[in-house]
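You will see chain A twice below: alongside chain B first, and alongside chain C after that.
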Partner chain A sequence: MSLRNIGVVYRKELKDSLRDRRTVISMVVVPILLFPALTMGMGYLGAKMMTEAKQEVPEVMVVGGNDSPRLMEALKSNKKINAVPASDDYIAQISNKKVRAAVIIPANFDAAAERGEGKTIVIDYYEGEVKSQLAEKTIEDSLTDYREKLARQLVAARGVPGQLAKPFETDDENVAPPEKVAGSSLGGLIPYFVIILALTGAMYPAMDLTAGEKERGTMETILTSPVARTDLVLGKFFMVLTASMATAILSLSSMGVSFLFAKNTLDRLLSDEAHGVHFSIDPSAVLAVFVMILPLSVLFSAVLLAIALFAKSFREAQTYLSPLTIIVIMPAIIALLPGIELNSRTALIPILSTTLVCKELVGGSHPWGFITLIFFASCLYASIAIGVAVSLFNRESVLFRA
Partner chain B sequence: MIDAQNLVKVFPGNKKRSPVRAVEGVSFNCGPGQIYGLLGANGAGKTTTLRMLATILEPTSGTAKIAGYDVVEEPEKVRAHVGFLSTATALYGRLTAKEMVEYFGRLHGLDEAQLAAAVTKLADTLEMNEFLDRRCEKLSTGMKQKVSIARTLVHDPPVMIFDEPTLGLDVMAARTIIGFIRQCRERGKTVIFSTHVMSEVEKLCDRVAIIHHGRILAQGTLSELRSQYGLHDLEDIFVEVVEGSEATVKVKA
Partner chain C sequence: MVHSPAQFPVKIEFQFMSEAIVSTPPPPIIEVDELSKHSRTFHRREGIWGGLQNLFYREYKTVAAVDRVSFTINRGEMVGYIGPNGAGKSTSIKMLTGILVPTSGKALVNGYIPYKQRRQYVRTIGVVFGQRTQLWWDIAVIESFKLLRRIYDVSQRDFDARMEQFNHVLGISDFLYTPVRKLSLGERMRCDLAAALLHNPPLLFLDEPTIGLDVVAKHHIREFLRTVNREYQTTVLLTTHDLDDIEELCKRILIIDHGKVLFDGPLEVLKSRLLRTKHIKFAVKQQIDSDTLRLFAGDGVSVDQVDEVTFRLRFDRTKVSGADLIRKLLAEHDVRDLLIEDEPIEEIIKRIYAGEASLVAD
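Up next is the complex of A and B:
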């Protein structure tokens, strides 16, 4: 192994790749544009839709209730809903999103309520429809208020202090620091994007430097040089790693900038009520994410190189490598599931462990034991993959596959 | 300079394919200032033999010494003393002609001063100056050929291996190559080349081997072969040798 030769090969591959438009697009343009597009686009749309949904006064149909004027009055006086008389096809109207919900009031409700007979009001809504769910919640809140008011009156009418109708109050308070809130909502998502980009950024150069060379007939040319095959493959490996890391770094930087920008815009855009996601991420957390993704990037580069090397043509390499994206997305998605946590078992699963630990890091906690374990486990997997790539490159049955 | 001893190459088979015995015991030698020609039909084992000499493939058994180095024991030393050119050795399209030659110079361990001198000299002798800074993908076939030649010569190797160098070239480009092979001999290099074109052998070769189904069936100088088979035309000799071997196979069967 000669460092000089690896360097010569690496510099040539770097120059060659940077002249290739497709490499530049996957390595530079996609990561720089993807994050602003995602954060601005998705964040803006999401926030806008939530605000709209909350600002909308939902139309609610009231079924029955003609004999219960006091309940009707309570519903109609609520400015947050627009109570209208029901048509016969109110269920279809809810399904078709013409109205958001319906309130079904039993006969003689007012009279029964005054006697304390618990009649049930049914609220029809459409589960999964955000606006319908919000309407349902507003109606329920409104009815709860009315029930409490009624209870106080009924109790008072019997000569008992009104407070006894509601003997205690509850209140909730969030104790998680703001970055922890961001960590759980966004934390899982950020490393996930960076990991996927670290893969996709390396994918194109990995194919170009192996199967691409076979296809263009330069593989045989380079094999006539006196440089050891191990040096050749390592030079190529470092180029693929560069592409992977460049993609990861650029996407992290672009992410930082777009979050800062998004924070300002979204804060202005969203009312307090709509309390948007808090975009407060510590720069040192971003750096830590980068350090954790480094061995993963090495692993990706080596695996991609080894697989692409086996292919005879670019197209064949694409067939082998495309499913890898899904294989990488799977652990990242699993990491987003509730209840999946870092433990001694998940810490040993590549990609999943990195996603989980990055989620912790972005969330502001530093489980040092796991960080060390995951870093070194990833390094181990990565070196095995490099070993495989090097040994494949030394096999002529792989280089000259018939 | 080239001494091949009983070279055998078997490409392992798999479930679908039976193993391919591409080369079955090829032996020959060739000295400095000589051109040795391997004449054979497609699939005769020419390319495989030359790839083994260039250490791109490893022999299944047998060995060869090139410039004193064993192709199995010291493949990197062998490659340092060989210039290998074939129609399969393409150029990097995104590098310029100059960068291409420089890259191979660096891979051969030349320092920057040696490299600059080598590039200047090659560009002058091969008349490459006008397209030196153009990307290889933009060059004409003839220009590409010159860059490939410069690439094989950048380390001034004592041994040159050409695998069907004129395949698919037009008359002018093929003439350039033929002229270049002759120059190599004049400069005292050991040259081996493969072809299925009889006229090239007649024009160039000091000695020739007729290779068929991985075996050398006849070898010698052109005049030796002519007197041995009592025929003048090389094509007639080739047909005689190949058909003779197949008749023998049939008799044995």
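Up next is the complex of A and C:
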């Protein structure tokens, strides 16, 4: 192994790649444009939808209640909903999103309520549909208000002070630091994107430097030079790693910038601060994410290089590598699922562990034991992958597969 | 075989003998002994069902790409290595350049075993693959040269001197700053040759150096190779499908097919041994009835008409005497012009490849 020759190969590949438009696109343009496009686009759409949903006065069908004028009056006086008479197919109408919800009022409700019989009003809505859920919430709030008012009246009518109907109040207060809030909502997403980009950034050069070189026939010529095969594969590996890291770094910085913009835009769009998302990510957390993704980048680069080396042509390499994207996305998605937590077992699963630990880091906590374990485990996997790539490169049957 | 002088009983009374010892030829630059390369390929079944079967069960068979090939090449020789597609030429070249490891046999080139001492060895050779380039596709030619300078540890002074020389002979200065992908094939080949010779190797392997080039470009390349061979005694082994390359460059040819050497010797020997057919091309003063020429046709002779007044007689010189044929022709017709031609070398090679011609000396 000669560092000088590795350097020569690396510089050659770097020069060659930087003059290749496709590499530049996958390495530089995609990560820089993808994040702003994603955050701005998705954030804008999401905010717009929420605002729209909240501005809409939902149409709500009222089933029954003809014998309960006071309840009907309470519902109709609420300007936040539009109570209309029910038709028979109200369930179908909710499913078809014609109306947002329905209120089913039991017979003789007003009279029963005055006697304190505790009849149940059912609210039908469509779970998972934002506008329907909002309508359900509005109806429930409205009914709760009415219940309190009614209780106060009933208690007062019996000569007892009204406050006894509501003997105490509750209030909530968030004590989690803002980055922790961001961590739970975005912490999983950020490393997920960066990991995927670290993979896709490495993909094109890995194919170009192996299968592409075989296809162009330049593999034989470089093999007739006095550069050892190990130096050759390591030079190529460092180039792929550079592409992977460049993509990760550029996407991280682009993410930071676009989140700053998105924050302002979203804040303006969402006057209701309860639904506003808090974007505040510590720069040191970004650095920490970068450090954790580094060994993963090494792993990706080596694995991609080893697999692409098997292929005889660029197209064949693409066939081999596309399933790999799914293999990488799966653990990253699993990490986003609720209930998947960092423990001694998940810490040993590559990609999953990195996504989980990055989630923690972005969320502001630093589980040092896991950080160390995951970092070194990733380094171990990465060095095994480099070893495999080097040994494959020294095998004639792989280099000149018939 | 290398004879050291000590093995000879030197006798002072035989003056000519000691002179013979002094002029003992240097050891050959390439020694190949029973070199073989086997590759394992699997038998592909046909159809969709066959394709599925291929996925799970493969029948492998071993193919000898190169089968016990032996030859030696001396310093300063220019040897044509020819054979049909798939004959084993490229595999041989790959073994001799250290890319592939032979299955069996020995090769000693420039005193090195190519596949064992590859890194030291390749510093003493230059390689050009006609259909590929060792210049890097997207970067300017000069950058490739600079990288090769570093890889081969060529000093800046030698590098500058050689670049100047290449500019002079190959005229590459015009496109040194152009990316390789924008060069024409002829320009690229000139640059590739310069790249292969940058470290001044005594031995040059060329795999189809003139493939796809136009007549002028071919001429440039051949001229350059002749110059290098003459001035620096650079040994050249070249594979080609263009027999003009052979006729213009090589005194000696090696014909290989199915991994075996079919012929090894001077081009003249091949011709004299295999030139069975000769052509007599003649023109007559007045238009004649081609039927009258039919009389000539017969055992070993055939006639065809080139144009109104020109005809060609092909005859097998083992069966018919050319002199008799000409005598008869001149006696019967008013011949204005006459030319005797050898069978084109392509025809001979074609017959060898088709297995019609035996190369075993009678």
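Some notes on this structure:
Heads up, the rule we're going with is that the second predicted complex is superposed on the first by the 400 of 402 C-alpha atoms of A that agree within 3 Å, B and C clash if a C-alpha of one lies under 4 Å from a C-alpha of the other, contacts with A are read in each partner's own complex, and residues count from 1 in each chain.
The definition used in the following text is that a residue touches a chain if its C-beta (ideal position, glycine included) is under 8 Å from a C-beta of that chain, and two chains touch if they have at least 3 such contacts.
Values in this document were obtained by computation on a predicted structure and should not be read as measured data.
After alignment on the shared chain A, the placement of chain B and chain C results in a clash.
In the superposition on chain A, contact is made by A:Asp16 with both chain B and chain C.
Judged by the touch definition given at the top, the superposed model places A:Gly217 against both chain B and chain C.
Contact with both chain B and chain C is seen for A:Glu396 once the two complexes are overlaid on the shared chain.
When the two structures are aligned on the shared chain, A:Ile104 is found in touch with neither chain B nor chain C. Touch criterion met: A:Ser225 reaches chain B and chain C at once. Once chain A of one complex is fitted onto chain A of the other, the partner contacts of A:Leu33 are absent, as it touches neither chain B nor chain C.
In the overlay built on the shared chain, the residue A:Val155 is in contact with neither chain B nor chain C. Annotation: chain A residues 5, 8, 12, 15-16, 19-20, 216-218, 220-221, 223-228, 396, 400, 402 touch chain B in one complex and chain C in the other. Chain A makes touch with chain C in their complex at residues 5, 8, 11-12, 15-17, 19-20, 216-218, 220-228, 396, 400, 402. Here chain A touches chain B in the complex through residues 5, 8-9, 12, 15-16, 19-20, 216-218, 220-221, 223-228, 396-397, 400, 402, going by the rule given at the top. Against chain A, in their complex, chain B makes its touches with residues 11-12, 17, 54, 56-58, 76-77, 79-80, 82, 84, 86, 88-95, 99, 103-104, 106-109, 151-152. Touching chain A in their complex are the following residues of chain C: 39-41, 94, 97-101, 118-120, 122-123, 125, 127, 129, 131-134, 136-139, 143, 147-148, 150-152, 179.
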